Amino acid sequence: MINRFLEVRNQSEILCEPLLIEDYSVQASEFVSPPKWHLAHVTWFWEEFVLTKFDPNYTPYNEEFSFLFNSYYNNVGKRVLRPVRGLMTRPSVQEVYSYRRFVTEAIVNLLSTKLDKEVLDIIEIGINHEQQHQELFVYDIKYILGNQPTFPTYGTGFTPKAINQATEFLKVDSGVYDIGHQGADFSFDNELGNHKVYVTDFEISNNLVSNKEYLEFIEAGGYKDFNFWHDEGWSWINENKIQAPLYWHKIEGEWWNYTLQGLQKVDLTLPVMHLSFYEAFAYSQWKGQRLPTEFEWEIASDKFDWGQLWEWTYSAYLPYPNFSKSPGALGEYNGKFMVNQMVLRGGSVATAAGHSRKTYRNFFHPNMRWQYNGIRLVK
Amino acid sequence: MINRFLEVRNQSEILCEPLLIEDYSVQASEFVSPPKWHLAHVTWFWEEFVLTKFDPNYTPYNEEFSFLFNSYYNNVGKRVLRPVRGLMTRPSVQEVYSYRRFVTEAIVNLLSTKLDKEVLDIIEIGINHEQQHQELFVYDIKYILGNQPTFPTYGTGFTPKAINQATEFLKVDSGVYDIGHQGADFSFDNELGNHKVYVTDFEISNNLVSNKEYLEFIEAGGYKDFNFWHDEGWSWINENKIQAPLYWHKIEGEWWNYTLQGLQKVDLTLPVMHLSFYEAFAYSQWKGQRLPTEFEWEIASDKFDWGQLWEWTYSAYLPYPNFSKSPGALGEYNGKFMVNQMVLRGGSVATAAGHSRKTYRNFFHPNMRWQYNGIRLVK
Amino acid sequence: MINRFLEVRNQSEILCEPLLIEDYSVQASEFVSPPKWHLAHVTWFWEEFVLTKFDPNYTPYNEEFSFLFNSYYNNVGKRVLRPVRGLMTRPSVQEVYSYRRFVTEAIVNLLSTKLDKEVLDIIEIGINHEQQHQELFVYDIKYILGNQPTFPTYGTGFTPKAINQATEFLKVDSGVYDIGHQGADFSFDNELGNHKVYVTDFEISNNLVSNKEYLEFIEAGGYKDFNFWHDEGWSWINENKIQAPLYWHKIEGEWWNYTLQGLQKVDLTLPVMHLSFYEAFAYSQWKGQRLPTEFEWEIASDKFDWGQLWEWTYSAYLPYPNFSKSPGALGEYNGKFMVNQMVLRGGSVATAAGHSRKTYRNFFHPNMRWQYNGIRLVK
Amino acid sequence: MINRFLEVRNQSEILCEPLLIEDYSVQASEFVSPPKWHLAHVTWFWEEFVLTKFDPNYTPYNEEFSFLFNSYYNNVGKRVLRPVRGLMTRPSVQEVYSYRRFVTEAIVNLLSTKLDKEVLDIIEIGINHEQQHQELFVYDIKYILGNQPTFPTYGTGFTPKAINQATEFLKVDSGVYDIGHQGADFSFDNELGNHKVYVTDFEISNNLVSNKEYLEFIEAGGYKDFNFWHDEGWSWINENKIQAPLYWHKIEGEWWNYTLQGLQKVDLTLPVMHLSFYEAFAYSQWKGQRLPTEFEWEIASDKFDWGQLWEWTYSAYLPYPNFSKSPGALGEYNGKFMVNQMVLRGGSVATAAGHSRKTYRNFFHPNMRWQYNGIRLVK
């Protein structure tokens, strides 16, 4: 456990290596958090939910940090509001690293003692929590750099694989299936409540939709015909003047997109990414097909490769039967978001190794598209 | 069919009898439509989808009205945007009534001829459409009058029955059930695609939640403890300073509410009404129970009385398997709203007689509460 | 005095003759008030500042009306906020007329008694106040009708005279001049404090700028070159997509404008009207001339005809030396608006007969243009 | 000239010495600019208006910087919009310093050659421009640090002197006075056009208003009585919940304020600062006195000490007679702001040495209060 813990802690810092000090503090949009905040917040999580609860000798690094780096746990006191996270130039990046070392060491010490299951379970959550923020970090740094006039480069990596097989539709039979997490391994509370779901037969694609295919939709006027769109999606693309995936730029008649390696021509062999649910839905309508439900996806997921990009489903993020939230502040982790969001399944090239699984329920509002997502169709 | 048609047309005008001319044009909020607009819009619907399509001799009453009274059918040309509906003082109320008579007569003439199924189906939709607007009219006139400083009275009626039986929870067994509309009777496209759903066993209340019970929630500090709320619900009540159902006013220590009969003391025996989904959910959390899914509701609906108030379910408004929207402009009726809304089931005292059924799927955004809705719990 | 009072009261109602009941209640923009509100508010003013103060036998028509029809007199209790004035369908138009008759009669009775100067002074203010609202009524009804898709007609009148003399610039010498109201006649408090102002010599046009001249500015790209504009004016025209005076519409290559007689081709011989201060300034810059100060205007006003349109000056609305506001609620009449507004001088075809004079200081925010205004230049 | 130039350039960097890298990029409000941006923008000004125009051998440091660091000169191409200045993490602080060195050296080289008056005049403007940004830098860093939850300290300095003389009112006689800049020394275009102004006799205080006096206003309920306020001021304090000067905090019954030395108890002997024009006006109303006009201030300024804080006048920022803006982009310096702003006169402890003079016209919108300002009264 110590090794796994240290590896995850270390990974958060490896991700920051390409950054300048200047990159750490900025909040490029309300839904983006500054890298410094991610580093400190996950550390605060360890402090708040593990150290102050289970280590009687622990003295917090700085009492103020609980106020500064709480994200949304109302049960743990006041918190800095999301839109002003990017205005906190202090504490410095250096001090945040020092805070990290302090807390990492304290956890290592704690892990060297005999711990009961309750603590180990929360440490498992802490590890998964930090991994989630590692993925958000990738989304956020791409947004921070990709919205600057100079399009700076982050470095290598985080590119999905090209699609290199012919598209086939895989059949799944009608029937009652088991849904949700089973077994003793870690899962979040929103996956629990293993239960039965009846599914009508369907066919699901072995491939994600490619940039090439999505470009056909654009060129066929897909963004100009309201018949393909939800009413809210149509308002949303018009109000925000959206005509292509996020990070795409038409420059002198050619499509480029910003990647962590800088501005590049759109690679037609790659899966299309950075779409809102509205766009994924409109594409499916234009194609005369549809998005899978999260149940269809989970049932069929053994038949195809996944993990390059999170996949929008046409399922709202709702509680499973008999869902019950954890007691205390950790109960705020998932349940309170179960309205107005859509489920994504799978994982992405930005997901920490081993973090996801086929029952994993990711979720975002339908207009969000800075996350690493793509489209898989059903017919 | 002629009689049924005339009855429905007449009912729209009966509802307007208590109105002053001044009441017809105002739009008290973006989600409210002026009474005059309702009267004209349903008439335009008959003109646009029946008369201009199937009566070769029909000349529109006034070409401009298509522009003025289209609601959201993008396929039928430009439309007046929702927020400015209340600024159209012309055409006058008198002219709108004249427009109604002109169109009613033309439909009656058409109905006197031999019509094929395609036309009759659309006439059936037209009747149901006008009934839907009759219900919206009740919501809207209550909002228009109930938000004025003088609290004017509309008239009698539209009050749900008192709860007069002890609360019991009715058991339903696990199993695969049929869901959705079957048979030849009219239904909307969103109810179609009869399909199987597996449901875990549950128990559902025979009663709606009463004002008395809801008041206990208020007095127990339900609006002050974020643990009962969705994150978005918590923001919503705080930003809008919401501490009670819509139309409730605390006056010198006592709760009053605005009804169509004027401002009255809250009647504790009546079912609580005018809640957002957020509030319905928070109440269920506080009670340690939950809202039913729309499938649970439909399966159990033969076991209890319903029809006093629409009932919030914890189901998002999503397409049934094999949902397909109608061709042409009528295809805009339902499908394009299937995101970010929650399903309500049942019917209300403001619903036109015979308009609803147990498979009927009503839907609203989770923050809407001017509609006639209530809470039924499951455990 | 009785005759003058009755004439003014009557004039408010004559202005409403062309209206339908439907036109009385609508508030087409936040800066517009519904006609019904104007009729009731001026009546409330008589009730509040004359009858309840000086007629010991007076019983208010309806206690609630003080709350409903106060405009901005904080000293006289709560008031209905401006943006919701258009949502009050009650009291009815009929009742407002009955309220008017009740108050008119009470004032006539009071005027039949012997009154001291204090009362007569306030009655004089009441008359001028009602006249001001008569002018606002014309602006507002034009806005209400002119922003409807059907462009309904109000009736005849309220059109400025064509410009029928060659433009000349009239010289005024440098020197110290007297500014402000003198003598015993009525004036508002903002004109008082007759004082000296030193003015450098200047030349002022005998004509207002014509539609023909303003069209040259438009066609020369005046709305596209930021060099002519204030920084705020440039933002304002871009945010609001403004490219011509209010009520102008380019239809199939030709300029039309909405008048109270309906939509008509722009008459090139008329003075240009319905401009913001920003546009008036930009035009002057393009022309290489400038707007007069309010002092220049007052000094020169005996040399030219005025009264067709209020004339923007390049003077901010500030207190004269030794300005002192009236005691009590009437002190809120003018002084509290002396920031962020610009002075207009003269009068317009919508101004009540005899209401204005050369020392009269009208004022509006620089982005307002629904009032009857025009441009006179200085070089 | 070389020495003066180098001294001013150096001073900009001295001001940054207490900063962490993290402090350089943040934009704490729309009206605040990041320190990095100030450093780069003033450098761009030298490059754009001096080097590229007058040094034929000059090659810009980086072509992109003109786009990044232009503030509002529409004549010089596209510019980064104000609200996103704080999102540019690149170029780095280090690179901005390198840019500064590059440009400073190029100007020094240019200054070593024989230059004609045109160039020297623009260099003079460049020096004054950089000094203006030094003052804005002080306002901005105070805002950046003073709005963080941890109230970090900047360092010493920038505190006005205590008031240590009894308040007297100094008499000035009526008469015609000369206003505006005269002579060959540098001034901005908005001070030019020396002209005569007639002023009525008045008496002006020898002291600024103190914290002690302003506290009396607060404690007398000054923020709760609309009679002291402009209508817009009253809305502004209520919408923004303003009840004290900027940076004041009531902590356990005592008033503290944030200073560049950290959070300190309010020092009653110091002049009150960080007020909006609305507050300055309300204070004067409560006191039964008034703010001076800018002409009164200029005429009387030889009679009292000034320079601790900019002083709000009750004069709008308008052009002097015969004002003409400079040709080309420098013409955008002042004229286009002459609407909706109020004039402040004097100077402050944050003003660069020798930068101001008695004819200097500073200006801000009436709701701005992060600048170093105070109140002097007239009666």
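Order as written gives the chain letters A, B, C and D; numbering starts at 1 within each chain.
Basically, a contact is a pair of C-beta atoms (placed from the backbone, for glycine too) under 8 Å apart; a residue touches a chain by one contact, two chains touch by 3 or more.
Listed by chain with UniProt protein names: A, B, C, D = Ergothioneine biosynthesis protein EgtB.
This is a predicted model, so every value here is computed, not measured.
Common partners of subunit B and subunit C, by the touch rule above, are absent. The most distant chain from subunit A is C, comparing centres defined as mean Cα coordinates. Between subunit A and subunit C the centroid-to-centroid distance comes to 57 Å (mean Cα coordinates, whole Å). Averaging Cα coordinates per chain places subunit C and subunit D 36 Å apart. Note: centroid distance subunit A to subunit D, computed from Cα atoms, is 45 Å.
Within subunit A, no positions touching two or more other chains are listed. Here the chains touching each other pair up as A-B, A-D, B-C, C-D.
The touching residues of subunit B, counted against subunit A in their complex, run 72, 74-75, 176, 195-198, 200, 226-227, 229-234, 277-278, 281, 290, 314-316, 318-319, 321-322, 331, 336-340, 342, 366.
Contact residues of subunit C toward subunit B in the complex are 20-26, 28, 36, 64, 67-68, 80, 86-93, 144-145, 147-150, 152.
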